[in-house]
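The first chain written gets the first letter, and so on, giving A, B and C; residue counts start at 1 in each chain.
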Amino acid sequence: MTTSSTLRPGTGDHAVADPGPPAPRRRRGDGAAALAFLTPSIIMFLVFVLAPTVGVLVLSFYNWNLLSDGTFVGLDNFDRLFHDERLLGVYGSTTYMALAILAVNVVLGLLLAVLLETRMPNWLRGFFRLSFLFPFVVSASAVALIWRFLLNKDLGLVNYLLGLAGVDRIDWLGSSAFAPVSIIIVNSWKTIGFSILVYIAGLQSIPKQLREAAIVDGAGAWTRFWRITFPLLSPTIFFLVVINTINSFQIFAEPRVLTQGGPGDSSRTIVEYLYDRAFGDFDLGYASAIGITFALVLVLLTAIQFWFSRRWTHYS
Amino acid sequence: MNIPRRRVALACAVTALAATALAGCASGSDTSSSSGNNNKALEIVYWNYGPAAESGNKSTADAFMASHPDVKVTLTPVTGENWGTYYANVATLIASGKRPDLMVISGEGAQFVHSNNLVQPINQYLEKDAGAKAITADIAQGLIDGFTVKGDVITLTYGWNDMVVYYNTDAFTKAGLEPPSADWTWDDFKATAKKLTADTNNDGKPDQYGFTWASNEIFPGIMPWVANAGGNLTSDDVCAATVDTPQVNKAVTFLNDLIKEGIAPAPMPMSDVFTRFQNGQVAMFGAGRWPIATFLPAGFKAFDIQLYPKGDTYKTVFGGAGYPILKSSQNPDLAWEYQKFTVSDEIEKQYVGTPDKPGDSIPSRRSVAETISKVGVPPANSDLYYNSIDKYPTLVPYPAPAKYSTFESTVLRHLQQIFAAETSVPDGLKSLQSELSGIVTC
Amino acid sequence: MSTLTTSPATSPVTPPSRAGHLAARVLTFLVLAVAAVAITAPFLWIFRGAFSGSDAELYRLPPTFHAENLTLRNFGQVTEQVPYFRFFLNSIIVSGTVTLAQLVTCSTAAYAFARLRFRGKGLLFAIVIGSLMIPIQVTIVPLFLVMSKLGMTNTLWALILPGIFSAFGIFLLRQHFMALPYELEEAAKIDGAGRFRTFARVILPLSGPSIATLGILCFTYWWNDLLLPLVMISDTERQTLPVGLVLLAGRFSTGSLGTIAAGIAMAIVPVLIVFIVAQRYIVQSIASSGLKL
C-alpha cells in the first residue's frame, strides 16, 4: 500500500513502475492486450490531436495570414518572441492568476469535499454537491451576463452591497489591481465544483473500513485525515494539481468577456494573447510559435510535478 | 519565397491524410465548394449575428432568385460574436478552399479586404452599368467615400449607422431640461449631463449618471468626440496613427473629466449601457440606429436622438456594410447584379422596418430612408439619421487600417488604463501612439 | 429534492457526535452553507431574469422585485427567435456521443496505462499528457483544415470526433485504477480470466465514482463548448446550444437580457439531469460494491 510509483517521462519500458508486489514477475509484457486496449484512443489521437499539432508546428515556421500565400520564414517567429515587449508581462499575469486559481481549487476544494463527508442527510449532501457544481454547467455567456452586473464599478450589485457596509466603490473590472482578482474569483467560482467532484470520487474510493478501524483505534479526525485520507487521496490530489495547473494556465473565456485582458495587460492570459495574434492580427505563424513555447513551459511544469509526486503520491 | 496558401494548408492537413489512410477510411474529397462549374450560381457569405441576419439574407436571396429564375444562390452563414470573429471564421473557410462570390463586410473591414487582395473593386461597373448612376445619386457621397480605398470602390452600402446621442426623455423632463438642439456645444452637453446626474439614495455617490459610452468599441465610444475636436486616429491615407495630437488629447480629456467629476460612470460594454439607459441609471449615451431594435420590442419608447455636440468642429461619424464581390468569384457580373439588388427598394425597405419590428440600421438609399418617419418608426427625430450624413460634414476616411481588429483592441486597451486613472491622458496617448506605429502602416 | 437522495448504501463515516464535536459540526455546516449560498446566489439572478418581464428592472439597485412582472414570455421568445429544440437535439447528440465514446476509449486506455506492462508505456503516457498542453485556440485552424480534408466540416462529426480522445479522461481514470487494490485482479487471474474479462468484471464495477465523474465532466464540457461549433459549423440547423445563446445575444450582444437568461436557464436543465442521474454512481462506495479487505 505504500509502494510509491509514478511516471518518469520519456524513459521507456518500466517508466511507470508497475507495482503489484504479489504478482509473480512475468517475463513478457502485455503488448498485444495493451494494443487492443489502446487502439481506439490511438486512432482518435493521431487524426484529431497529433495531426493538428503537427500543423501548428508547421505553421510556426511560416508567415501566413490564412488569406494570402504563406512564406517560409525559418525560426523568425521564435526570434520574435524575444523582442515582444508584451509577452513577458502577459506570462506574468497568466502565472499570477493561474497559481491563485490552482490554490483555491486544490485547497478549498479539498476542504469542502472533506466537509461533505461528514454525517448529514443524503438529500442535504446531494443539495450541497449540486450547488457546488452549478457554475460549472453554465456557458461563458452566462458568466459574462452575471458577473458584469455583479462587478460593475458604479452600478453593480457587489459594490452596492459593500457600499451599505461603508466600503468605497472598488473598480473590480477596470483597475490593474482588481481585474486579475476578479478573474481569479470568477474562474475559481466556475471550476471549484469540478475539483470538489473529483475529490469526492477519490474519497469514495477509500475503503471505509480503514477509517472506521482508525476510529476504533481512537484516532482523532485530524490524525485520521493525515494518516489515512491524505495518503490514500494523494493520487487524486496529484491529478487535480496537474489538471488544474494546465487548465488555469489556459484560461481564455473569463478575461475575454469580463475585462478584455485589461486594463493594459493586467488580466491578460497567454491563450487570449495568442488568440488575438492569430485571429486579430491574422498572424498564424507567430501565434503558433507562442502556442508551442507555451506548451513547452506547461510540459516542463508538469514534468516537475510528476517528479515531485514520487515523494508524496501513494498508489495501492 | 512564397508558398501558395493551399500548400500551407496542405502541409497542415497532410498528417491527417496519412492517418486517415492508415485507418482505412475513405478520404473525403476536397470540399472547395466553389461555384465554378455552374455558371448560374452564387455563393454568399454573411455574418449570422442573430435571427434578423438570417431571415434578412434569406429573403434577399429568395427575392433575387424569384427575379432571376435561372440562378441558384447558396447562403453560407458564418457565426461570430462580433465582426472580428466573423472575419476570422471567414478567413478560415477561405484557407480551406472555399471560394464565395460575395461576402458581407463592414466599413471597418474595407482596408482589410483590399490589402489582402480579396475583392474586385466595382469602379468599372459604376461607369458602365446604365442603372448605376441612378443608384449612386440616391446614396450619400459619404457612404461611397467610406468604402473607397485608394480610388477603388469596394462595394455599394446597403445599410449603415451614424453615431448620434440617445437621450432619455423622461430623465430630461424629471430634471426640468429642454430637449437638446443640434447646435449644442461640449459645454452645453457637460452642463446638461451634470444636471442629469443624481445621488438618489444620498450615500454621497451618484447612482444616476448623465452620460456614458461603450467601452468595447471605438466608433460609438471615443470617435465622435475625436472627430468633433477636429482630429482623427489615423492620417488621411490611413497609413499612420495620429493619436497623440492636441485634438485627440482634448477629446479624451473631456471624457476623462466626465468620469473624474462623477458625471459618467466607469465605462462598460455597449450591452450593459442599453439596459441602464432603459432603467434611467444613465440618461444619455452614443450609438447608431441599432439600439432601437432592442428598445422598441422591449416596449421602451421614452427616448429621442440628437447629433453629438459641437466641439471645435462638427463631423458625423458613421459606418456601413455591404456585399463586395470577391476576386475568387467565377461570376463577377452576376455578383454585381446581386450587389445592386441588395440596395434595391425592395430590400432596402427591410431596414426601415415597422414601429414594432424596426430595422437595425439606416437604409443607404436616401429615398427609402426618408420613409422612416413616415412609417412612424421611433424615435421622433429619425430624419436626423440620414440628414447627419447628407447635410453635415462627415469623418472620411474611416480610421480603420487593414489590421483593424488589432488597432481597435490596442486603442481600447490604452483607453482602459486612462479611464481607470492609471495613466495620464497625454502619457497614455503617447504610449498608444508608439504602439500603433507598428500596427497602422501601409 | 427526493431525486437527489443518494443511494442508501452510503454509510456516514463520522462517529456519533459527542458533545465536544458539536461545535465542529456546526462549523462544518456553516462553512458548507456559506459556500453553497455564495456559489449559487448568482444563479438566482439568471432565473429571475428568465421570468422577468422587464430588462430594465434587472439592473436596478437596490434590487427590486415585482411579482406582477413575472412572465413566461421570455421562454416563448427563445423558441421563436432561434430553432432552440433543433440546437438542443444537436447538443444532446454531440455531448451524448462524445461522452459515451470517451467512457469507452478512456477507460480502456487508462486500464492499459494503469495495469498492463508494455514497451514504451512511459513515453506514450507522456505524449498523452503532453497533448493537453497545446491550447485549442491555436490548433483550431489546422483542425479545421483536417476536418475540411475529411469532408466533415459543417457536420456534427466535426464536433464529435475531436472530442473522443481525452487525455484528461485517460489520466483521471488511470489515477483511479492505480489506486484499486491488486488482490482482486489476482483472484480473477487465478480464476483464469483474461485481461478483458478482468477489466470488464473487476475493474469497471469498482470504478463507478470515477467513471460517473468523467461522464459528468465530459458531458458538461462539450455541452458548453462554443469554439468548435463557431468555427466548424455554418448551417444554423447544425448548430449547438452555446451558439444559440450567441445568436440570442445578437449583434453587439444587445439582445434582450430576459430572453438570454431564459435560454441559459433552459440549457442548464439537461446537464442537471445528467448530474443527478450520474451522482448515484458517484456515491457508490467500494464498501457497497462487495469488496472485502
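Simple rule for what comes next: a contact is a pair of C-beta atoms (placed from the backbone, for glycine too) under 8 Å apart; a residue touches a chain by one contact, two chains touch by 3 or more.
Please read all numbers here as calculations on a predicted model, not as lab measurements.
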Query raised in the report: Which chains does chain A share as contact partners with chain C?
Result: B
Report task. With chain centres defined as mean CA positions, report which chain is farthest from chain A. Result -> B
Report summary line: Chain centres from averaged Cα atoms put chain A and chain C apart, in whole Å, by 15
Query raised in the report: chain B to chain C: how many Å between their CA centres?
Result: 38
Query raised in the report: Do you know which chain A residues sit against two or more other chains?
Result: 47, 50-52, 54-55, 58-59, 66, 149, 155, 278
Requested in this report: Name the residues of chain C that each touch 2 or more other chains.
Outcome: 58-59, 61, 140-142, 145-146, 246, 249, 257
Query raised in the report: Residue numbers in chain B touching 2 or more other chains?
Result: 12-13, 16, 20, 85, 92, 95, 207, 269, 272, 276, 281
Query raised in the report: Can you list the residues on chain A that touch chain C in the complex?
Result: 5, 7-16, 18-23, 26, 29-31, 33-38, 40-41, 44-45, 47-56, 58-59, 66, 111-112, 115-120, 122-123, 125-142, 145-147, 149-150, 155, 157, 160, 189, 192-194, 197-198, 200-202, 204-212, 215, 221, 232, 235-236, 238-239, 242-243, 246, 250, 252, 270-271, 274-275, 278, 284, 287-288, 290-292, 294-296, 298-299, 302, 315-316
**Report entry** Residue ranges of chain C in contact with chain B within the complex
**Finding:** 54-61, 81-82, 140-142, 144-146, 148-153, 229-231, 233-236, 239, 243, 246-257
Requested in this report: Would you mind writing out the residues of chain C in touch with chain A in their complex?
Outcome: 1-2, 4-6, 8, 10-15, 17, 24-25, 28-29, 31-32, 35-36, 39-40, 42-43, 45-46, 49, 58-59, 61-63, 104-106, 108-109, 111-113, 115-126, 128-135, 137-143, 145-146, 161-162, 164-165, 168, 170-172, 175-176, 178-183, 186, 195-196, 199, 209-210, 212-213, 216-217, 220, 223-224, 226, 241-242, 245-246, 249, 257, 260-261, 264, 267-268, 271-272, 275-276, 279, 282-287, 291, 293
Report summary line: Note: in the complex, chain B contacts chain A through residues 1-5, 7-8, 11-13, 15-16, 19-20, 22-23, 84-85, 88, 91-92, 94-95, 116-118, 203, 205-207, 209, 216, 265-269, 272, 276, 281, 403, 405-406, 409, 412-414, 416-417, 419-420, 422
Report task. Under the touch definition given earlier, write down the residues of chain A that touch chain B in their complex. Result -> 43, 46-47, 50-52, 54-55, 58-59, 62, 64-72, 148-149, 152-155, 163, 169, 171, 174-176, 260-265, 276, 278-282
